[in-house]
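In what comes next, subunit A is part of two complexes: it sits with subunit B in the first one and with subunit C in the second one.
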Partner chain A sequence: MSEGGAVNTVPVTPKARAQRGYLSQAVREAFVDWGTRLGALWIGVLIFIAVFAPFLANSHPLLLSEAGQVRSPLLEYLSAADVTLLVAFFSALALLWVPGTVRSKLLAWLAILALGGLLSWLLISPPKLSIYEQYRERQASGQYDWVITAPIPYSAKDYLRDYGAAGLEAPLASEERRHWLGTDENGADVLSRMIHATRIALGIGLVATGIAMLIGTIIGGLMGYFSGVVDMIGMRLVEIFEAIPVLFLLLTFVAFFGRNLYIMMVIIGITSWTGYARYVRAEFLKLRQQEFVQAAVACGLPLHSILFRHMLPNGMAPVLVAVSFSVASAILAEATLSFLGLGLVDDPSWGQMLNQAVQAATFNWWMAAFPGGAIFLTVFAYNLIGESMRDAIDPYLKKSSR
Partner chain B sequence: MYHYLIRRLLLMFPTLFGITLVVFMVMAAAPGGISAQSLIEGQNLEPEVKKALEDYYNRLYGLDDPAPVQYLRWLNNVSPIGFTVDKDGELEGFSLTKGSDLGMSFRYGRPVLDLLAERVPVTLLLNVLSVPIIYLIAIVIGVRAATERGRSFDVGSGVTLLGLWSVPTMLAGVLLIGFFASDQYWHWFPTAGLSRREALVMPFLPHWSAWGDLLLLFAAVAVAVSLCVGISLKGGARLRMLLMAVLGLFLGGMMAAALPGEQGYLVTLVLAAALAGIFALVAYTDYAALRTGVMGIIGLFLGIAVAAHFAQGEFVRGFLLDRLWHLALPVLCLSYGSFAFLAKLTRSAVLENLQADYARTARAKGVPERLVLWRHVFRNSLLPLITVAAGLLPGLLGGSIIVEALFSIDGMGKLAVEAVQSRDRELVLSLTLISGLLTLVGYLISDICYAIADPRVSYE
Partner chain C sequence: MLLQIDNLSTQLRTGDEDVAAVDGISFHIERGETFCLVGESGSGKSVSALSVIQLLPKDITTHPSGRILFDYRHPDGSREQVDMLSLPEERKRQIRGSRIAMIFQEPMTSLNPVFTIGEQIIEAVQLHDPQLSYPAARTKAIAALEQVMIANAAERIDEYPHRLSGGQRQRVMIAMAMACEPDLLIADEPTTALDVTVQAEILRLMKELQARRGTSILFITHDFGVVAQMAHRVGVMRQGKIVESGRLADVLHNPQHAYTRQLLAALPENLKRQREAALAGQAQPPAPAEAESMVDLRGLQVYFPIKKGVLQRTVDYVKAVDGIDLQIPKGQILALVGESGCGKSTLGRAILRLTEPTAGQIQFAGRNITHLPRTRLRALRRQMQIVFQDPMSSLNPRLTVAATLTEPMKVHGIGASKEERLALAAQVLESVQLKADHLWRYPHEFSGGQRQRIGIARALALNPSFIICDEITSALDVSVQAEVLQLLLALRREHDLTLLFITHNISVVEYLSDEVAVMYAGKIVERGPTAQVCARPSHPYTQKLLAAVPRVPL
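Take a look at the complex of A and B:
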């Protein structure tokens, strides 16, 4: 912990370095690694795909001209969630360029997100029914002057009914309809489904981890601060949750609570908080003896102020390093649940696509390899980042590498 | 020690109680919860029949009682000491010898105990086979990666292991089944189950109708293995790589030829190149133990294949071989992620100890590096491995849910999925109890092993 100590003793180090803090130093060190950069690049690509999914793969044409009138079915069918994501993405981009502290930027972003989400949910109501075949039929009969489609002109739930019962198709099997990664048994384009499933994977990973971190930090913080009886009861709770195989607990929760994206996020969160509770408890047990905490107690500060203002920022580093691994396992958990047939029913997810590959009468490698490969790459990327973050804060490895 | 053991065993009870309480609360708090309605939901029945069925279930399992009453009744039934109840549901008295009763499964209509007795051994078999494989590979690779720190073996194995750890079990399973078990590609392994029906009546061990075949088998295996091991130990790096690459090319071509249907030359070329590359990589590594081991295994399979090709008489597989044949892919699926994780852990543990003061002292005294590594450093590096072993067991139990679903093996994992899907209260609670018990026993065993490995730890 020599690095952490050096940061706390301000007069010794230059001011700029002291302000950087232990964690951001670790992040900086981690990003020297090429593995981390590649991982971050892949996640960046996924975020881009998730935000622009409707523009990348959609049966509704982007622009078309019908009898001299130009209209955009794609924009008409944009849902509230699509718009909220776009608002979140662009406001985040804009805030990156605006000067200001991280804290104020984050608050501003959350405010914009909340406002944009609320407004789009109230104002935007796309038509409920979408008939994807109509565009292809009208285009074939020459009703459109010109049409600009999305790069992949198939929606995730466009089962291509107008092409008869062709259904399953290997990648690039037919000339006139180009399916880069083939179609599944229902006839839907695999690449399009994968693009739309990106949102679920990323969303579940981040939100479930956030929930787990929140629960773990609060319980672990209380355990570490009070120790004694609270600690003993808390540790029994942690033990109880750790003694049930996580997947089994997840199965029970999901089977009994139904299959909703948000419920699944919460469930994955409440089954994976124990690791955080252990980390935070250990840190707080160390911190509570230190002078600044004693001083805060002596000043008569309220409990939440001592815990979250004074202690938490000093004990957060190991928790944040674990985040990356935790996101990876949350994505895996969702994929596993969907794979076992307990996931979302209608919306595509990578795990559900794998399940379809297993349920199919014949083995079609493209139905398994591509969505499975997407899960693998994403989990691998998060694990790579987590790995080098952990190496960056490990004093043993640091000492010996120099 | 005994004192400690007894205390630990007693501490298990509150935890087990908590586990079942948590799971019961989840079930009871869910919309619909555990009720007679949810049991017959989805069946298309006449209203009268529905009512009668509901009444029947309510009477049978007490589903119309409040949730706490239901839980207490279940607890009373399960614990070996408790109240006895007469036929009308009235309390009869307190008994110390009433024995525990896990109840009847709603879905199967059979005693839960019978179901568990059928299914739990299957899952345990899978896990018991996986654990030694996991530890063996993890230690072989992890120790080498630590001693080779920063060199190509360390970097290569590090990235490969992290990649393996990230491969979802579902993906590995689907692809393994698809390519190596379905008859669309190579039909080498069975797709599902634990044994063929005809294997159940076979003798336990394999046997041959002609003695010549057995001799041939031994001869072929001996020749092939000794050739491979000899090349690995005596040959130079160039010679090894060349020979293995040629062997890989040949086998790849054979694999492509074995595919059903007409194959283009591209498939043959890719397969041959891939196998040749893998074999050459194995031959290239200067880690003699790993290389010799892998090449010996390649030789073994080569010998068996040659003997099988030239065998004259009939060969009866036998129960044991059939079971192993069925278990090969599931055990592979279950173990690869864990050994990747464990190998990384071994590496960091050995690395930490290699730099410790006692290791330097040993080197300064003139102890050879090999002894420093295996006698001093390795023993100390075992401690984190033992700690993790406790966590490995619940992980494997969870993993077997996926593997059993994939390979249609009737084990505990598959039973768990069926139980939660059909809201089978008794089965879910009993499975929770069993898996919790297995996990806690795993913790206990790892604590005892810890004391054996580290003399500083004592539980007095």
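Take a look at the complex of A and C:
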């Protein structure tokens, strides 16, 4: 096996090979696959869109000159969340260029994120009321010298009241206002709503999965390492949580606490950790008998080192595969809720747009095709990445495919 | 002549390049003869065997040169010499099983667990003789099982493989291979996974069947003891080439090639003779006086409960270690010998309290550690270390050697700074004959023997006084084993170590240990100075065990 492996690998200097861990090796192998690259590309595009959503689709002009004074309503109306996302994005880009270990970079990024988030929530308070029509009216009446708008000059919640009840206009139907993907029943631009909805889609996937992974890894790890009574109690807990229908629980919570995105993320998270717990438990049960773990115990290493340094990194591979599938299913869960009309009221979400498509009296293909296509592509992209990660970490699959 | 191989090469495609696994070998096998291919792991012996029966995956295998001439016996009795390499697939399949049969190394995985052994044998029989009715095939299968000494064959034919022991499964494999009365039997390390006593029975059985049927055997092994028992002629393989072949006695007693001599010299039996020769001129070291004991076990028991039912009530116990009294004197090497499943590894782990003992007392350096709380035990772990059997799984694949070696040092407060600990780790690596710059590598970059040395280095890093070596050489090739054993003896002299050497290999025991304890079914049946126990075993089990060991006549 080891001989075969040595022959397989492209000649690399021992130094470079030593620096490359098991996980980066697996990621490297996964990305040889074209499907994975396309999937990752799509996720990358979504991240870009989510971060720059206000700059891509906004009724507030980017720059305008009014009576000789230049100002930027777009920047004035940026919310704290927008700024935090921008800080996170640019600090991540900057840290990619700075040399350093992955761990120190991650810590630095989290610190910047926390600080930036805190400052922006404290300092930034955009005007509460936004009147989207004013710009168009003033521009029409010639009050502005010149105006630079965002590529899509409509906000997600701009219902175009100045045009009267337009509502449900097919893509590119009217000459004067250009709606690339049409408008929804309230008259809002579909493309703009879809752009702003990427934040919810990505956010709910990542946060819900993060919560699930954290809980699942801890409970599963404890079950696997201690086995015995801990294992028995843990498994009963897993069974109880698996017996709860997530959708039903979400409906109950929505009924009690109203429509709150964060509660949704948390609920999807705390009901979907069982899969991770099972994976990690199985891995830990196996690893506990491994001789290097026994050797670590025999060396008198403390428990946290045995659990987190010697066992966890060796047992994470199946969890990381499950992550990409579970992000996909969290996105679907949110879409389902919104589709059922239990999602957010006014905020855009792909599922909620699908719901509109169904509820309208006539079938409006653009309301179904574009958000549906976005959900499909995103879930598909995550699944593609998950599949090839699984293949990359599974030595048996690899052998048979060669 | 049944089989003649001329200049056979086999290339296996891995990644983008072809690797010559077999590189121009030639040999022949006469009817009724056993030809042994012997060599270390990776020398191409199994690939040679699989080339003969044409079982290598076709899409990655090429044969750039060579012929495999097989004397094919048609069902009507006429003979024809065929070249296995140029036959159509249909003909190859007729030959496989009916004329050339094969047994594999691992009896646990070579039978299909969802069929009864009867179904598997009958299927093979009927495939090669479609006219045979089911009752007739069944009778034939029962006869085949009886031939391989399965008691109550008529009843056991309906058993599933999991109900049979390893030795019985290997017999079923032999019965299956022999059921169609092949002319050539290829046995690829058929006894490597078995205990010595079972191995002795299987080898005797194969010889008997060969004598009765006149079957030729191509026997693949790495064990010169087995070669000495089975072979008429031997081929020594190294890196895809046969470096030497000839009659058994010639190869063993008058090896021509340097590699054969090196292999033979690495046998523990020969190591011992060399050492005795070296020591002959000097005065014998004084016999160790009645030293105080490092480890003192009193009535140690490790029981694993068997739980059944909804309430998980304990219905019975597996008595892995069943009341053991054992003293390991300071500065001595005590070998613990026994067959698989006798509880020797469990005993080793129980001494270090990696497995909790059920009852009894463990005294370490005069201190009772049986019920010591984990936190206090942790400090004591510095004194006692363990080296494991499998070099592949005993090192954390995600940590560099440096991390593996320095983390325990840090926990136990050895070395003041990271630099100092790294310097110490480098020293330890050098003491196990590795280089200091190996510190920055990951385990997968080392060979099996090197990893085993890193395992020893990890144990030594804490400067312990007592080390348990749990089958540390059984996964290693014989020449690597020799190096590790010599290293261990040198380290013991330097560091004044007490060793508990757990093994199933009697020749290693004879070479290495001062005293030996023989374990059987959770109990120690015999204990004494190595030379005495090996020469005049008193317990019947020890006698049986020693008789079963395949020896190389030297």
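We adopt the following convention: the second predicted complex is superposed on the first by the 355 of 402 C-alpha atoms of A that agree within 3 Å, B and C clash if a C-alpha of one lies under 4 Å from a C-alpha of the other, contacts with A are read in each partner's own complex, and residues count from 1 in each chain.
Methods note: a residue touches a chain if its C-beta (ideal position, glycine included) is under 8 Å from a C-beta of that chain, and two chains touch if they have at least 3 such contacts.
Only a predicted model underlies this, so the values are computations on that prediction, with no experimental measurement involved.
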| item | value |
| --- | --- |
| First, second, both or neither for A:124, with subunit B first and subunit C second | neither |
| Contacts of A:108 with subunit B and subunit C, given as first, second, both or neither | neither |
| Touching partner for A:291 - first (subunit B), second (subunit C), both, neither | second |
| Which of subunit B and subunit C A:301 touches, first, second, both or neither | second |
| Which superposed partner A:38 touches (first subunit B, second subunit C, both, neither) | neither |
| Subunit A residues touched - subunit C or subunit B, whichever exceeds | B |
| Partner chain in contact with A:354 - subunit B first, subunit C second, else both or neither | first |
| Which of subunit B and subunit C A:244 touches, first, second, both or neither | first |
| Partner chain(s) touched by A:365 [first = subunit B, second = subunit C, both, neither] | first |
| Common interface residues of subunit A - those touching subunit B in one complex and subunit C in the other | none |
| In the complex, subunit A residues that touch subunit C | 2-5, 7-8, 14-15, 17-18, 21-22, 290-292, 294-302, 305, 309-310, 313-314, 402 |
| Residue ranges of subunit B in contact with subunit A within the complex | 14-15, 18-19, 22-23, 26-27, 30-33, 159, 162-163, 165-171, 174-175, 177-179, 182, 184-185, 348, 351-352, 355, 391, 394-395, 397-399, 401-402, 405-406, 416-417, 420-421, 423, 428, 431-432, 435-436, 439-440, 443 |
| Contacting residues of subunit C [partner subunit A, same complex] | 14-15, 17, 19, 42, 60, 349, 352, 354, 377-382, 384-386, 388-390, 393-400, 407-408, 411-412, 440-442, 444-445, 447-448, 455, 458, 462 |
| Subunit A - residues contacting subunit B, complex | 35, 236-237, 239-249, 251-258, 328, 332, 335-336, 339-340, 342, 351, 354-355, 357-358, 362-363, 365, 368-369, 372-373, 375-376, 379-380, 383-384, 387, 396-397, 400 |
